[in-house]
Structure formats: structure tokens, C-alpha cells
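Chain naming follows the written order as A, B, C, D, E, F, G and H, and within any one chain the residues start at number 1.
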Amino acid sequence: MIEAYILIQTKIGKAPAVTEAISAIPGVLRAKSVTGPYDVIVRAEGPTVDDLGRLVVAQIQQVEGIYRTLTCPVVEL
Amino acid sequence: MIEAYILIQTKIGKAPAVTEAISAIPGVLRAKSVTGPYDVIVRAEGPTVDDLGRLVVAQIQQVEGIYRTLTCPVVEL
Amino acid sequence: MIEAYILIQTKIGKAPAVTEAISAIPGVLRAKSVTGPYDVIVRAEGPTVDDLGRLVVAQIQQVEGIYRTLTCPVVEL
Amino acid sequence: MIEAYILIQTKIGKAPAVTEAISAIPGVLRAKSVTGPYDVIVRAEGPTVDDLGRLVVAQIQQVEGIYRTLTCPVVEL
Amino acid sequence: MIEAYILIQTKIGKAPAVTEAISAIPGVLRAKSVTGPYDVIVRAEGPTVDDLGRLVVAQIQQVEGIYRTLTCPVVEL
Amino acid sequence: MIEAYILIQTKIGKAPAVTEAISAIPGVLRAKSVTGPYDVIVRAEGPTVDDLGRLVVAQIQQVEGIYRTLTCPVVEL
Amino acid sequence: MIEAYILIQTKIGKAPAVTEAISAIPGVLRAKSVTGPYDVIVRAEGPTVDDLGRLVVAQIQQVEGIYRTLTCPVVEL
Amino acid sequence: MIEAYILIQTKIGKAPAVTEAISAIPGVLRAKSVTGPYDVIVRAEGPTVDDLGRLVVAQIQQVEGIYRTLTCPVVEL
């Protein structure tokens, strides 16, 4: 499995709803509202980088209220 | 009490109105229009970090004309 | 307990060593090397925001090879 | 008088010392350590923009441990 | 007179029209389309920082097609 | 010929469609979806910098779903 | 094979030397000096994301004169 | 002739000296200290983009006290 952290900026006032909706998506391990330059930080996993890419584009980005997502794949160095 | 600076980017031309509206919100100690990468800088306080988070999401972000907010909690190191 | 994600940029070539060193610090729940604008993403906890601030400044930032840290406190909205 | 907020990034581990040193500089009204993309947020004033510029370059930036400063002049719109 | 450079990001495809419209605003000395993180760079002047602030908010930001402006006042150090 | 890399941020969920549409534009040598702070990275060429600028503004930016473009001209140093 | 674009910021004046040195590293398909917020843009490939991560940390980041690297893995969506 | 704006971040306290030194470089039309995310903004020209690139790397970046430069070529759209 490949893991990634996804740093999310939401539209104004949408952080709580986005956090809740993303938590329910299969493949998402954890989703938390935060303060700072990002509004929600998600940990997700998928079999390959392409699967993770599709999880982000086809599912996470479909959640209403999302403005920008930044995917940071975990690497074992 | 926990304090925070909130750095705000407004929609085009909205800085004056946003500054005025935020100044009236309970918990907001100060709000000023500025030049640079941010349009308004606010100082606010709340009993806990979660309360500050709710003040930002449930009240400040509801002011018409806001584009992005960046909350910087004050810490006593 | 208050939780935070800490997004870390390391000096060139130092990501593996920084990830390993941080993992051993009490209060750090998880530390992973990632690709993207950050090199390491950490999850940590402390009794208060000030304690988290001190954990970052007095312990995490003392690890050799760190360039910038960005603390994002988790908030329950 | 012209006022400005100065957003400061410090070198690793230096936030407490920088905050304390800046607080003692004439013209500085307030200096606080924060979390987020900045480490210290300062409020200062000077008779003109040039004076504020010199306060930053000739005094604040001389404090040991500072990495970047970002001056945001307050404007009355 | 106080001078400032104003770094402008336009909405997609609007750079030429924005450059032309801004060039006609009194107080604007020069406006050019550029490549890079900004789309238009403007040089303008006004009697005070507040006047420059109003020139930006009340006139430049009213030009159709502007997305973000970043004002950098010139300082004589 | 002058070459440039164009780093593109798309609107939420649009990366695949934007990548495909841009690949078909004359002057575009390569277009790939990526993860990280950008969603699509393009390599394009044109006879002069102005031609490249027009290729970006008049053609690439007309593709539906684009949010920001950042042009980085290649230089032979 | 997994591909990635690596966006590199070099130390002052080092772009030409860094571009040349990186071009010689096995796994690097292309390296070009550019203007804009990055100084060199590289295209590289490796069998897995971890291999790409190691190529960056263990080889590319060892080239003298590099300041920051930003790895953007290519994804087939 | 091709023109460019060069946005410069200097090392702490070096803005005045950098501005003065750059003003004397042939090809530099104007150099001013500013406040905001940049410390000096320069306007320069050269026969081609490559010449401009070399002016930046071989001359401007050799001035003591420079930390980052960002070249924004002017384009006639």
C-alpha cells in the first residue's frame, strides 16, 4: 500500500462539513480540521500512486466546499 | 484566554467593508486594513483553541467579501 | 490533549535522518518522510497549545537538519 | 504616525529570544510568538513609511536569529 | 510623493485587457504584462500611503479581470 | 525556438480533462498530470517569448477548468 | 516506471552548474535552467515512488549548489 | 530589446546595499527598495531572454547580500 497526506484548503466556512464528508470515503484513514494555511489534513492510502491520484481527483475533490488539495505521498527513504 | 492573529485575504475591493464588519464581532480585539500579501490583520481571543477555531469559522468567515483566512495562535514559549 | 500536525522542510539530503530522530521524541505520535513542498510530516500532542509550542521549539527544532517547521493545531469545530 | 504589522520567520529554535529582544526596541508596540507560517508577529509605528522601513532594516533585522521579515503597513481606506 | 509597485494576478486570459485598462488610471506611471507568478506589474504613485491604498482598492481593483493584488511600497532606506 | 515549462493549477477535479485538452494544442510538446502544488506540467515552444506568452494566454488559458498558470521560460546560461 | 518532475531552487549563481551536474545522473531524463520561482526543472524516472524519493535525496540533493527541491510525481488519472 | 522585472529577497539588513550595487550594473534600468514579500524590485533589459538570464545569474546574483531572485520577463500580448 502507498500512503499520502492530503493538505486541503476549503471554501470559507466549509471546514467542518468537508472534514466530516471526507472521513467517510473508503481509503481515507483519518481527516482532521486544523488551523494555519490548510483547513483539513487527511491521511489516505491506495495500492499505487495512480490509485491515490484517482482517489483524490475522483472522490475527495468531489466533496462540496473544497478549494485546493495538495497531495504529499509518503516515501520510505 | 488564548489569543490569535488572523491574517485575511479579501475579495477584490472588499478590504474596507470586511475590516469594519469584523471589528464589531465579540472576541475581536482589533482589525486593521494593511498592504502586502494580506488585506486585513485581526487580533482576537477565546477561552480555548477550539473556541478560537469556531470564532473564525462560524463568525469571521461569515463576513461577506472574505477569500482566505490564516489563523496564527499566540504561544507563550 | 491538544494535537497538531507539524509540516517540516529539512536541509538538503537530511529527510531520512530528521524523520528518524523526531520519531523518538516523547509526544510525537508519528513522523513520515513525504514528497512535495514538505519533507517530513509529524503528528504530535501536548496538554496545551503552549506545551505544543514548546515541544516544537525546544525539542523538534533542536533536531539537526531542520530548515523550517509549520505547526497546524487540530481544532474540533 | 504610520503603523505596520511585521511578520517574522526566525531561525530554528530562536522564536522566544527574538520575541523578547524585539519587544525592547523603541517604536515596537507589541511582539508575540505565534504558530503557523510565521514565528513572531510585531506591531510597530513610525512617523513615515521610510522611518518604518529604517526601523525594520536598521533595528529589527539586526536582532540575532531572524530569517525573514514581511512588513505590512496599516492603511486607512 | 510615495511610489509603489503593484504585483497583479489576473483571472485566466485577462492579462492583456487588465494591463491596458490600468495604464489609463491617473496615478499609474507604468503597467506591463509579464510571465511568472504575476501577470501584470504596475508602478504607481500617490501623496501618502493611504492615498496609494485607496488608488489600489477604489480604482485598480475595480478593473474587471483582477484576481489578487500585492502592493509593495517603495522605501528610501 | 524558445521553450518553456508551464505549471498549471486546475479547478477541483479537472486535472484529467485539462491535461488531455492541452496535449492537443499546437506548440505543446508534452502535458502530464502530477501530484503536488501543481496539477498539470506542460512543455511548450514558440519562436519568441511574446509568442509563448500568446500561446499561454490565447490558447492554453482558454481550456476549461484552468485556475492558475505559471510560465517558466527555459534559458541557456 | 514512475516519472516525476523535480522543481529546483539553487543557491545564488549556481543554476548553470547544477543543471549540468544533474543531467549526468542516471535516471534523469532531462534538466533545464529556467526563469521564474524555480531555477532548474528536471524530469526523472524510477521503478517505484520510493526509488524516485531515494534518487532525489541520495543523488540529486547531493549536487553542490541546491537549495530546495520539490518533487511532483506524474500520475495517470 | 527584452525587458524583465526582477523581484529580489535580500539577506537580513542588506536591502540598502543591494539596491545601490545593482543600480550600477549595465542593463539595469531601475532598482528600488520596497516593503512586502520582496526587498528590492529591479527593471532590466537585454537583447534576448538568454542574455537577460545571464545578466541575472552572472551579474545581479553576484552582488553580496542577495538571497533569492525571481525574474518576470515582460511580454507584449
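Heads up, the rule we're going with is that contacts are C-beta pairs under 8 Å (C-beta built on N, C-alpha and C of every residue); 3 or more make two chains touch, one makes a residue touch a chain.
This structure is a prediction, so every number in the text was calculated from the model and none was measured.
Participant: How many steps does it take, at the fewest, to get from chain C to chain H if each step moves to a chain that touches the one before?
Facilitator: The distance in steps between these two chains is 2.
Participant: Tell me, which chains sit next to both chain B and chain F?
Facilitator: In this structure, the chains that contact chain F and also chain B are A, C, E, H.
Participant: Find the geometric centre of each of chain A and chain G from their Cα atoms only, then give the gap between the two centres in Å, rounded to an integer.
Facilitator: 26
Participant: Between chain D and chain F, what distance separates the C-alpha centroids? Give it in angstrom.
Facilitator: Roughly 39 Å, centre to centre.
Participant: Going through chain D residue by residue, note those that touch at least 2 other chains and give them in order.
Facilitator: Only 4, 15-16, 33, 35-37, 49, 52-53, 57-58, 70-73, 75-77 qualify.
Participant: Can you tell me which positions in chain E touch chain G when the two form their complex?
Facilitator: Interface residues on chain E, with respect to chain G: 35-37.
Participant: Can you tell me which positions in chain F touch chain A when the two form their complex?
Facilitator: Contact set of chain F toward chain A: 9, 12-13, 15-16, 33, 35-37.
Participant: Looking at the complex, which residues from chain F come into contact with chain E?
Facilitator: For this pair, the touching residues of chain F are 4, 49, 52-53, 56-58, 61-62, 66-73.
Participant: Would you pull the chain H residues touching chain F in the complex into a rising list?
Facilitator: These residues of chain H touch chain F: 2, 49-50, 52-54, 57-58, 73, 75-77.
Participant: Which residues of chain E touch chain H in their complex?
Facilitator: Its residues touching chain H are 3-5, 7, 15-16, 19, 32-38, 41, 70-77.
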